[in-house]
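Per-chain residue numbering starts at 1, and chain names A, B and C are given in the order in which the chains are listed.
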Amino acid sequence: MKSEEMAKSTQLIDNEVFRAYATYTTIVLLKMMLMSLVTAYFRITRKAFVNPEDVASFGKGETAKKYLRTDPDVERVRRGHLNDLENIVPFVGIGLLYALSGPELSTALLHFRIFTGARVLHTFAYLIPLPQPGRGLSWAVAYAVTISMAYKVLKTALYL
Amino acid sequence: MKSEEMAKSTQLIDNEVFRAYATYTTIVLLKMMLMSLVTAYFRITRKAFVNPEDVASFGKGETAKKYLRTDPDVERVRRGHLNDLENIVPFVGIGLLYALSGPELSTALLHFRIFTGARVLHTFAYLIPLPQPGRGLSWAVAYAVTISMAYKVLKTALYL
Amino acid sequence: MKSEEMAKSTQLIDNEVFRAYATYTTIVLLKMMLMSLVTAYFRITRKAFVNPEDVASFGKGETAKKYLRTDPDVERVRRGHLNDLENIVPFVGIGLLYALSGPELSTALLHFRIFTGARVLHTFAYLIPLPQPGRGLSWAVAYAVTISMAYKVLKTALYL
């Protein structure tokens, strides 16, 4: 192994699998962050808030209080956001270890792309909403991809 | 330092502490993911759903609507899942930095094993449920392990 | 490049940007963990619990049951905690990739410091609570910092 190559391989960000991981992880985390903006959009358009200080500008007393309420659309986005947290956190953690476990580039890309596509579909299925099993299937596909990466990590790195 | 050794040490996944981190992180993240399946199991057996599209197959109108309800068992699993997120996310993040901060292998294993054991106990304590302070103690032990790793990270890496 | 330097640069924890990332990530994760203790504090002082086993020591039957209730202060802390999860998880994930993408130390420190400061302000704004737009602005600043890091990651590492 030449010294140059070695130096290169020590820079994670120059490794193609790691670059793919960085790209898709950033995309799914940005998608998750977008849920905050969608929540804010529905809170404002539906006038459905949860904190008294958020409705203070609408007036005083009873006038403002009527905006402290739940709205089905807001709650729907919030459930989608929580589902993202529950599923994207394992992807980010297990995906990092998977990217470092030396998978084939093409296999890694397949995992990252399917996960990302499935989670984008999941968001549309939740927000539109699509009839079941649309949301269920997109959830299950992303879940299975994470399990597959976890299997590779444990096969490569197991140290109990 | 011989060139071979150096090449070896650049592969995180060949480092024993990092392998232990990868193993226990994957285990606790899989355990957290399992909560989704337990939630789905209770939603289906208790017939307690939250999205109208999830009960559409049970019939139309009022027939289906009665399954849009909360169930104590479902809510219990969901609280356990959220508690996992609140505690496993810091473990994954701080644990990674801890694994890279050069701890003794035996000390690192002790941290990872106690955390993982405590969180598995916490899940059983929540779902059975065990009388307090069973759940409280298992939560506190895992919390203390994470604080201990955070202390080592800050002692080694502090750069404000 | 001398062999010694190279060996040094392979140790992530010796890299100044990475040390800064490790420091600020540990601080914001500890801050997030603190929310659990604040929740416990309010649950105990307000006597507002959610699990029957948590109130068993207060007596039997109706005596204990009246403590199974929601309290505005407890719910406020829990919303702050969830908001932390929604925003600190992307910071930890994208921040790691950003730290590995070779940013200038001063630029990286600026990102990490502003994010950490904004999230600490957000917590105070939520818990005191401060009038809006205090909480909204601190949320937006931390959000913008994360977007800025994501942009750098995608610019450096994009591999679709």
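Observations on the structure shown:
The criterion applied here is as follows: a residue touches a chain if its C-beta (ideal position, glycine included) is under 8 Å from a C-beta of that chain, and two chains touch if they have at least 3 such contacts.
Since the structure is predicted, the reported quantities are computational estimates derived from the model, not experimental observations.
If touching chains are joined by edges, the resulting network of the protein chains shown connects every chain directly with every other. Of all residue numbers used where chain A meets chain B, under half belong to both copies. The two sides are thus made of different residues. With centres set at the average Cα position, the gap from chain A to chain B is 17 Å. Those residues of chain A in touch with two or more other chains are numbered 6, 10, 82, 85, 89, 96. Residues 3, 6-7, 10, 12-13, 16, 18-20, 22-23, 25-26, 29-30, 32-33, 35-36, 50-51, 53-54, 56-57, 81-82, 85, 88-89, 92, 96 of chain C are the ones that touch chain B when the two sit in their complex.
Residues of chain C that touch chain A in their complex: 1, 6, 9-10, 76, 79, 82, 85-87, 89-90, 93-94, 96-97, 100-102, 129-132, 135, 143, 146-147, 150, 153-154, 156-160.
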